[in-house]
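Heads up, there are several structures right after this.
One chain, subunit A, appears in both complexes that follow, with subunit B as partner in the first and subunit C in the second.
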Partner chain A sequence: MKTETKRAVNAYTFSRIWNSAFLMPLLALLTALVLGALVIWVSSGSFLTVIDAYSGLVRGALFKERGLSESLVATIPYVLLSLAVAVGFKAGLFNIGVEGQFYIGAICAAWAGQVTDQLPAVIHLPFTLLSGALGGAIWAAVPGYLKARTGAHEVITTIMLNYVSFRFVEYAVSGPLRDLQSSAVQTPHVSASAELWSVAAIPERLQDPLNALAVAMCCGLVAFLVARVIRRRRERLALARPVTYTIGRGKPARAPSFFTRHSSLVAAVVTTALVFVALPVLVRLWWPFTDPYDRLHIGLLLALVAAVAIWWLLWKTTIGFELRTVGANPNAARYAGMNITRNVVLAMAISGALAGVAGTVEVLGVSICRCLPMFFSSGYGFDSIAIALLANNNPFGILGVSFLFGAMRNGADLMELNSGVSKYVISLIQALILLFTSAPVIMRWVFRVRVDRKAQEGPLTRGWGGSA
Partner chain B sequence: MTLALQASGITKRFPGVLANDQVDFDLAKGEIHALLGENGAGKSTLVNILYGLYQPDEGQVAINGQPTRVASPHDAIAQGIGMVHQHFMLVPPLTVVENIILGYESVTRGTKMFGQMSVLDRRTAAQHIRALSQQYGLEIDPDAYVRDLPVGAQQRVEIVKALYRQADILILDEPTAVLTPQEADDLFVIMRGLAQQGKSIIFITHKLREVFAVADRISVMRAGRMVGSAKPADATSESLAAMMVGRDVILQIDKAEAHPGQPVLRVENLSVMDDRHHVMVNGVSFEVCAGEILGVAGVQGNGQTELAEALTGLRRVADGKISILDHDVTHATPRQITEASVAHVPEDRQKHGLVLTFPVRDNLVLCSYYRTPYAHGVEIDYSRIEQTAADLIHTFDVRTPGMATAVGSLSGGNQQKVIVARELARPVKLVIASQPTRGLDVGSIEFIHQRIVQARDRGAAVLLISAELDEILSLSDRIAVMYKGRILDTLDAKSATRQICGMLMAGVVQY
Partner chain C sequence: MSTTTARSIVKDIQVSGLRGRWWVTALFGVLLLVAVWMLLNLVIGGKCGADCVQGTLAQTLRVATPIAFAAFCGVLCERAGVVNIGIEGQMLMAAMAGYAVNLFAFQALKDSIGIEAAGNLSRWLAVLAGILSALILAALHAVVSIEFKTNQIISGTVINILSVGITGFLYRQFLAENLPPGPGTFPIAPIPVLSQIPVIGPILFQQKPLTYLMLILAFAIHYVLYYTPWGLRTRAVGEHPRAADTLGINVYRIRYINVLVGGLVAGLGGAWFTLEAVDVFNPLMTNGLGFIGLAAMIFGKWNPFGALLGALIFGLGNSITSTVSIFRPDIPSQLPQMLPYLLTIIVLTGVVGRATPPAADGEPYEK
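Then we have the complex of A and B:
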């Protein structure tokens, strides 16, 4: 009986999560693809073109040489930027300025990357990433402060700051930061120590013992956290179990050994040591990524870590609790003793830092010259707003949707080549996805999906009257 | 006497609320009929139905004896009903004439050159408006810009706008809320003049003084029902106050004798202003001791809201001093006040007390999420929160499908229980409860009353602010009555009667 109820509850929870998180976006995607197909069909006059276009899209995104790699390369900034947008949304802020913060992050990284070549990578790379993050954070914190203190709406201020940042970057690239050795208008190459390692370069990089140690320590940290999560779960189960006390001559409980008490620390140390010794040797013996033109780089791991970290921050910490409370009901947040100004500024700073890291990644890992060229246009920032909405601001949803958008962006070229359909059809399809996601009423009407009242959420951001 | 307007059996339901329950209302020609009641009593719903903004679920409306249906505000205007909203519906950058003719523009035929285009005829309109303002003594300059006018003049523009649209029935929704007493007196003169010239007026207010000043007839609403009607000559302030705040079911609380201890909350000469910088609390002083309940009675809007907000750090104190257990907390933040072992049950539970989209679990730790055992450093320990939540849901009898359910989907009573559970489960020394049972069902009211008495018996000082006189009388050990931002008198609960309290609530000091 009890298991039955449990199963029923699980099924209910599953169907609710399915309905609220996956069903609508999937339906939106499907509808957008069908409408996109119609547009291609009508404009070209032949249904074969539709097949050519979509097969080209899929091949370009996944199966052509380096197709998957390139899709992932485009996914990385999408993940970071849409996380930035999502953090803002969760705190009730519509950070429409991620594109500008992305630019500021890029220019800060371009400066920090070339400022010295004396530092080892384990210091220079984090320093450059931090510079980009800090630049974006400060750039975004300004509209946050204005919003909290004067009520200046962040949509207006961030979008205006976008233009300021575009022009500022143009000035910096053509003026003080210009590479005088190059004929192109661009910043100097960043030092090798500041580059984000491409996958092909990893075996070579790991030959430096400092790099190997840093990687090993990162792995150790992950092991530490995983072990801690496992131990927490075990403790929670023990907590739920009824406690039985033994009185008198009961068998004394075995004292926990050093290893059980410090299991996470042990896991960390062991992992670090193992990785440090074994990894450089192993990658030398066998490494699948040998293509020197493969642009995939370790920024991918950075994006994954960022997604997990933001999830943890929003849902498992007091900081996230405050941000979400301020976003959902600022009056109640004030009543509960939270500092609205601090939280609004903090949310914008975190958001801007993520966007700044995205810009850094583009400079250090992707651009051919490992520098910031004059005409550095991305459009990533505005797509990311769509991604965050589509993923319902869920960090893990963002990973999936970002890959979808990255793949479409990457596959578009081959689609054009294959079928003669303009690659801007992709923008059309993405716009349709966004339209259908943000107007779920249409989708529910078309597909006759019941409204689950409990899954309804409050407004995403506050309007002009939002008294912060 | 012919009836200008008659509404019978009006019922209107909103999700979870019965806003109007079988309301009968009528208005004679040339009469000023005051509609009296607390906030949320259903006055606005009723007049919004008459003005066509809402459609009633049940009931009929008749105008001049003819049964009719008011489909929309446009329809209402066509049938001769005009409404002056509490928040003016004017366009500040336009002139008075432009505002008045907006939507009802008179035009002259366009010349050949402009084809079908018509030209706005401001001059005729201005003449008409001057004539109207002279006829009814409403002094306005048709060519002035609305943004330059003081509030009282803007209100006259609204009235002229209604008259320009040939309204015979005027609905004034809390017209005095935005006016100074002097402006209000001017308005009453205008209202008298309008009535003498045959206009019928529905006048909504919750201020007793005003109904005696201007009304021909008074109807009182409470909790969605029409509870009584009287001529001003037959009514007294106290009888009206009792009608406004009374409750049909008088709940008897079993409580032991209070054993007051040391003073916990001490308020000296406290003055607080509202958002419009009107003084709402004016030099109030009182003390609340451990183990006693001080009830603050008063008709809504006499400064109780601002008092509670000032005491809990949500509103800036203009003057005076607040101390809790001899610590000065006059300018303390809400967090500091919570940390001083103060529980606060806020007046507006959905605005301040809860985050409706959050699960019950998170709302139960809304004020303590950052402390051990719920958080270590910045990391929240949800297993501890879930334990506490399960405990509280059980002991406070919160009826919820689960602790992960969004609190917004619970009933009002259960929402309030979530707040009471969160606030009273902590070890508190002072409880500030504002309207703790407003809009709840009898069962929840009783439960919450018991919890408040329990908190007192455990040695907490309780400040109970309520507009329900019966709640005050049955719970309090001492009763302070607020009127116009002052405490008129503090009575011992044993010697206090409904009559005395009612008179004090109406501002009558001699009894």
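Then we have the complex of A and C:
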């Protein structure tokens, strides 16, 4: 009897895991890898090549010298761009144009960065990042506006703007923005003050008190927000607790002290002060990243913050609620008094801003000259659509899947070296992943998995018909 | 051609722009062309004489060919209610398959049947291969979007990315280096008598085979769509699938066949890239022409001749920019290259008249 119950419970747990939302992407990934192996096997004629290729892939992605940090470097734009795609999807928009917005963000940052070269670092870096974001946002807001006002479908307009932005960047880099002192066709260098610090350089950077102060203030801001969230939650719990009345002489109510009333602010100030004093000393004493050729930079932190911020925006604010409502059912949203045009434009602008930041990160963090070369190509844009779909538009899922894609992209070189298989097999595998995740029915059909209603809610886009 | 047919074709074109009598439309079109010619001469300093006009117009028809094929594919699919964003991917796939088969079939055949015959045969085999490869992708789109009812736009995007992946991989693995000499693209095939007509001849009748095929296809699709039971059913399925179903039309079957035939047409468009335009394949060579084709389709309000007109306008834009870049090398080439894409956006915003798509366009049908 007892074992039977146990078995039933086990079976139940198993079926829950088997049918969970997490399973589908995993199955898609595995199937795509198996099919990729088949392709390698057939095209090379020997099964050993498959082993060579995949082991090379893993080694290149994780275990070779600086492998892991290079994978993380590739992860950063993936996170930002797929967040951009996810924001669009949540608002019912299919932003295929992230690649173009990425380019525009990069060229805006390269231009704004070198125009404002004289500014101190504390202003220079945020200003350059902001101008990249603004460029991407405006570039993306145009198709958003056209979609909302004229019904021009964003899929085609954003793709067309992709081509326009490629040509535009080519023109700008070879023409008006060209660095005449350099023999290579590229934009002028942005001075080191706008560099996204590489991890190895952090201790040195923090010796500058202004930099230390900026970092400390960022930490203070985070502490402020965390303290506020905790406080809000405690207040809500207190409200939910049943009220008890004391008859006679209870404890006299004390007026809350200054520290209780402004706990978040106090937390912020204390954190700022502590970080400002302690961090520069601490990193001087001990810092794990000493390799000066390590390209990993603090853009990674930026990507993490962006993921949290987008999660918070979409699920914890009124703006996000409106965006999601417009995406899920525009008619209901209109009936509820939400402004469709504003929301569509806003969603595209947020999306484009994220993509623009990704472009800026490429210029300020990854490229050695901190400039935009003529034949700047990334291919990040289309991969990030696959990432967003695979992660089901969940910002935290996106972090994981982006790392997976970044690792694959980074490991591909060693794979090619190891086995002679073209590294483009990676894009084939990624396309297959996309196919299987976008049509989960195929996976269900192959693996006999039951339909999970909750996991089934797919991405939302509309055909030509309706205007927004 | 009976007068009713002629009138229906004119109507087909007219819906995509002006209304009113057909000769008003024609006159306006000619005036517009003259205006464009004068503007062109203004830019390049009056160097565009008769030869240049003739060349530009012939070039227009050439460049319009793949756009028109893509637009026809779009018409077939969307009239049945299936949005097909994957045309670009289907064309890319067909371009690669055509290129590879052209090359390798020629190698296999040239010793046995002679170089001339082998070239001809392998080119047509290549067209066939292109069509078939696009058909496979179209079948994938059909299964995923009709059978499994996945979002059609996502499904089309998947096809685009998938074909970029497949062609990129195969190209690097097999087609990037150490290639044997191939038979090249189709030679120009002037039509015996018609090509001797003074002005129209060199423009219309001294082209390559796929271009003729495209022109024929415009008539064929127009005929099928408006004069056969099949076309009526297709349009019914695209407008109101439930009503069509109630009347005993098999909605799924109609949609399947239309998407598959659309795949064949897109395959012809893809074959154009490597069998008519240039004798090389490079990844991403379709350059968004599939999407421009969709815009041409929308411009033509989902009618074959309207779509052809849209494709010709895009082709004209393209050939004019190449004429400009020949005479004025000082203008940075990237700026005129942006024009077709910007033109597409302008067309989509409905500046030239709002378009109404088939009512059930893009909606999976649940029985």
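Remarks
The criterion applied here is as follows: the second predicted complex is superposed on the first by the 436 of 468 C-alpha atoms of A that agree within 3 Å, B and C clash if a C-alpha of one lies under 4 Å from a C-alpha of the other, contacts with A are read in each partner's own complex, and residues count from 1 in each chain.
By definition in this document, contacts are C-beta pairs under 8 Å (C-beta built on N, C-alpha and C of every residue); 3 or more make two chains touch, one makes a residue touch a chain.
Model, not experiment: these values are computed from the prediction.
After alignment on the shared subunit A, the placement of subunit B and subunit C results in a clash.
Looking at the shared chain after the overlay, A:46 reaches neither subunit B nor subunit C.
In the superposition on chain A, contact of A:96 is made with subunit C only, not with subunit B. After overlaying the two complexes on the shared chain, residue contacts for A:260 are found with neither subunit B nor subunit C.
In the superposed three-chain model, the partner touching more residues of subunit A is C, compared with the other of subunit B and subunit C.
Of the two partner chains, neither subunit B nor subunit C is touched by A:116. In the superposed model, A:207 makes contact with neither subunit B nor subunit C.
By the document's definition of touching, of the two partners only subunit B reaches A:336; subunit C does not.
In the superposition on chain A, subunit A positions 458 are in contact with subunit B in one complex as well as with subunit C in the other. Partner subunit B is touched in their complex by these residues of subunit A: 236, 239, 316-319, 321, 324-325, 328-329, 331-338, 453-454, 457-458. Those residues of subunit C that touch subunit A in the shared complex are 83, 85, 144, 148-155, 157-158, 161-162, 164-166, 168-169, 171-173, 287-288, 291-292, 294-295, 298, 332, 334-335, 337-338, 341-342, 344-345, 348-350, 354, 357, 359, 361-363.
Listed in rising order, the residues of subunit B touching subunit A in the complex are 312, 314, 333-336, 338, 344, 346, 351-358, 362, 366-367, 369-370, 375, 378-380, 382-383, 387, 405-406, 409. The residues of subunit A lying in touch with subunit C in their complex are 39, 43, 94, 96, 143, 146, 150-153, 155-157, 159-164, 167-168, 170-171, 174-175, 382, 385-386, 389, 421-425, 427-432, 434-435, 438-439, 441-442, 458-465.
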